[in-house]
Amino acid sequence: MRIPGLGILKGMRQTGRNFWAPKVTRQYPEERPQMPDRWRGRLDLIYDPFGEHKCEVCFQCAQVCPVEAIDMSGFDSQGNRIRYGLPEIYEERKDPNAYRRAGLPAEPMRNVARWDEAIDTAWLGGVIDGFGARPEALIGIFSAVQERYGYLPERALRLISDTMVIHWAQVFGAAGLGGFRLLPTEGHLVTVCRCAACRFAGGDALLSALSDELGIAPGETSNDGAWSLETSDEVAAGAIAPAIRIDTMIYGPLTAVQARHLVAERRKSAAAPARARTASRPS
Amino acid sequence: MDLLFGILRFLLATTLLLLMTIPTAFVVIQMELKVIAQMQLRYGPNRVGPWGMFQSTIHGFKFLAKEDHIPDQADRATFTLAPWMVYMAAAMSMLVMPFAPGAIAADFNIGIVYFFAVIGLSVVGLLIAGWASYNKYSLLGGLRSAAQMVSYEIPLTLSVVGVVVLGGTLNFRELIAWQQLHGWMLIWQPVGLGIFYIASLAEINRTPFDMVEADSELVAGPFTEYSGMRFGFFFFAEYVALFIMSGVMTALFFGGWLAPWPFPAQLEGFGGTLYGLLWFFLKSYMFVFVAVWLRATLPRVRVDQLMGMAWKVLLPLAMLNLLVTAGAVLVFNL
Amino acid sequence: MTSELRIPDPLELEAAEEGRLRAVAGLPPLKRGGGEYAGFESVGLPDRPPQTEREREVYTLDEGEMLVNMGPQHPSTHGVMRLVIKVRGEVVIDIDPVLGYLHRGIEKLCENATYTTVMTYVDPMDYLSAMHNEHAPAIAFEKLFGIKAPPRAEYIRALVVELNRVFSHGLMMGFLALDMGGLTPILYSFINRDDVVDMLSAISGQRMLFNFFRVGGVNFDTNDEFMSRLGTWRAGVLKTIEMSERILTDNEIFRGRTVGMGVLSGAQAIALGVTGPSLRASGVPFDVRKAHPYSIYPELEFDVITQAGGDVYSRYLQRVAELKQSIHLIDQIVDKMPHGPVQAQVPGIIRPRPGRAYAAVESPRGLYSVYAISDGGPNPYRFRMRDPSFVSLQALPKLMPGRLIADTMAVMASFDPVMGGVDK
């Protein structure tokens, strides 16, 4: 027996409930969507095998663009700097490659002294020879370098590329694989596990919560240099998913709230070691 | 002297009312944008002004900035007259709206009759809009909307007759005074309230009865050829009419400016006016919210089902309601 | 010797065929004579004499009838389509859909494209079920090349195909409501679609035109990002679907406009060639996944759902039921997925044997099939696609006479056509 009007009320109840429910809108451009790694939609300038931009700065694309979306700058054959686009927009873009091509100093790296840090070439040569200079051993060589320096210095990568006669783009690309750092880390390191088990159990939420808590994105170091956040494919054996590692201690299973609390506690105790030593305890 | 004072007061009241219609329309439109959006799990306009408050104002200015275009073969005089008529129907009916004790623009003894008479003028406006556009789709749309509005006026007024019979007066103010003594009309006339609400939604072309403006059917109905501020008048008139119908519903069935508790139901003097204004607007906007809620939820009723409902369901029900009310008044000497 | 070949008069041929079809479908024969021929110009089409009896019938106006255009620019046709409606007052007498506004010449373009490039061309055909569009050519080409896709690839194919079906049916719920004036279910359907499409972009790299299938398998394997998004989505999908259901299924206004409307009997549906959920809603238990099994569907457990009504409401219920069935199928697939490679070993430049291949899949709109002819070269000689929306649209003029204009939108939305597929 259908009572007339009940269906309408049921619908109204649903919309009424949604009136108070949290909204799903992402406020672009304040919140940008998280594009997956395989996303094919981004526009990238490509490199040739020698590590240089393939772009010749010929301005054809900027001139032909119907909506004038392209700005660029470079040097002509006389060595004069030429620009296409509004100076104000150009200034704001602050693309490091654009700066370098324009001959201006690029945005300084976070640990600027390390960009040109000298490395022990003899030792590195020894490592490469120890592996027989085989291209398959690249990861092993990277692991050795990372163990010694804590990250992969660019000089080391250049040397590897020259010695083993592998294209720089391939070396650089392989160095970007998970597990290798291209920038040195200082201070404490929080590693969030991204193995299949941890991700399925909510590792992504954990990562975003910790990223929120520390105020940095994965792969970055905080401004005072005391905390770094990274991800890794293997932190624990998967039995305690989702897991994180702070320096050398592994914690798990954690919810996002627990992880935030843990990291916050560690930050407090690290920031005020003398006073907090008796009071703090790992949770 | 009294006469002069009376004329001055009347002029002031009408000017205030006319000035009030546009901001009312803005507020109602803003409410519709935000409330429907929130029910659809999104935010609605939130960039223009804090919480997007000025969005509908900007819409108003947008209408002013658009090109004013009259089709070549359209009848210029009636084409221009149509939005004016529809808007005036809405604005004139605000004359008798009981906002607060002492804040009624024109306290007619036949206020209710005046109200429903004037509201019907919008039908004429829509008809001539459809005809003057020289467009067969507009004509079809105009005829359909005229048919809809005319059919629903009858149950609308009949349901109010029940209220009038109980209250014994056609004056809004006295009706509210009656409600203060006897309790709100909704407990006396629940069926009348239901009929009135449905009929009023159909009268002002709100979903689920808005096939006049159904853009998923045959173009935009009688407003197809209108652009710029001419369309703006139709647009604003619809939202002002929504507010007006909600206001009249509160006045007739929900106690108008009375507070929901018996003491103090209303205050005296200027404080009383403010207190009454507060309650009146609170209740009216609550009904506007319900109308917007219905718009967010329901699909449209089809034309033949619409007309069928008016003539086969609402009209007999309204007549029955009137019969029972009149009988009860006679029997119980109310 | 052309004199021996008698090319029959198209009007004659059409008349005979039309008469036969109408008899099978139980419809009255075409009217001859009657009013005055109004022609195509009255509705803004280029003027020319009628080429078929049906055209002459539609464009001839009796007393009191009028030709009205529901034109290519319309908020509610599912793409660009022109519907010429012959009305008497508010009542529809006849409908003539005019198609071709979205024609891109895909079949011809595919004749000049290599077998791998064809995958990019077929995506935007029925853009709301792009994975199905790719699945059929993939199977057909594998038959031509004699390659078999590895089992893991077949499972991944079935997974993305069922995901596509989920959001396509979800969108149909939204479109049906939107065409009738309900503004909210479409937003909820798009919330669901957004999640699924983000997931599919994690596995294939694109959100709408996936270019994911290859001859011999799929392009990429699943990755952690995809699985984590799948887990999150699966936890919340039934709630989102139920939000739309609560607003529509029991709603009196919705039921009043859909129950008993556009009733298509089983025999009529078969005679018209309607397939998919529209056919099953008329009671005919024909599902390509069961009738002509392909991919890994023999290993999955599911029943063929049918409804008894054949009206718009039944088609709506059918799609909702199939949506939930697809979610169940996704669960089974995730459970059973084997390890292994995702692409068969295919040489770089591949030439098929000359021959023909046919492959049919169950798309959310019906039976989507591909007939490919190869002549041994690197491009297909002929690549013919049968789109279900195109055939279902033929049912519209048979169902509408006697109804109101407002019902046209409801009935059309219930067949869920997508103009990209109709026009190719």
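So that you can tell them apart, the chains are marked A, B and C in the order they are listed, and the count of residues begins at 1 in each.
Everything below uses one rule, namely that contacts are C-beta pairs under 8 Å (C-beta built on N, C-alpha and C of every residue); 3 or more make two chains touch, one makes a residue touch a chain.
Quantities reported herein were computed from a predicted structural model and do not represent experimental measurements.
A.B. asks: Pick the pair with more C-beta contacts: A-B or B-C?
C.D. replies: Between A-B and B-C, the larger count of C-beta pairs in contact belongs to B-C.
A.B. asks: From chain B, which chain is the farthest off, judged by mean CA positions?
C.D. replies: Result for max centroid distance from chain B is chain A.
A.B. asks: CA centre of chain B versus CA centre of chain C: separation in Å?
C.D. replies: So the centre of chain B lies 44 Å away from the centre of chain C.
A.B. asks: Roughly how far is chain A from chain B, centre to centre by C-alpha average, rounded to an integer in Å?
C.D. replies: About 58 Å, centre to centre.
A.B. asks: Would you please write down the residue numbers of chain C that are in contact with two or more other chains?
C.D. replies: Those would be 184, 191, 247-248, 251, 253-254.
A.B. asks: For chain B, give me the residues that contact two or more of the other chains.
C.D. replies: Correct list: 39-42, 296-298.
A.B. asks: Which chain A residues sit where two or more other chains touch them?
C.D. replies: If we look for residues of chain A contacting two or more partner chains, we find 8, 11, 14-15, 18, 24.
A.B. asks: Okay, in this complex, where on chain A does chain C touch?
C.D. replies: Residues 4-8, 10-11, 13-15, 18, 24, 33, 35-41, 194-196, 199-200, 203-204.
A.B. asks: Taking the touch rule as given, give the residues of chain C at its contact with chain A in the complex, in rising order.
C.D. replies: 184, 191, 198, 201-207, 220, 223-228, 231-232, 243, 246-255
A.B. asks: Contact residues on chain B for chain A in the complex?
C.D. replies: 35, 38-43, 293-294, 296-298
A.B. asks: So in the complex, the part of chain C that touches chain B is made up of which residues?
C.D. replies: 66, 68, 70, 75-76, 90, 177-184, 187-188, 191, 247-248, 251, 253-254, 256-257, 404-407, 409
A.B. asks: Okay, in this complex, where on chain B does chain C touch?
C.D. replies: 36, 39-42, 136-137, 144, 207-208, 210-211, 214-218, 295-305
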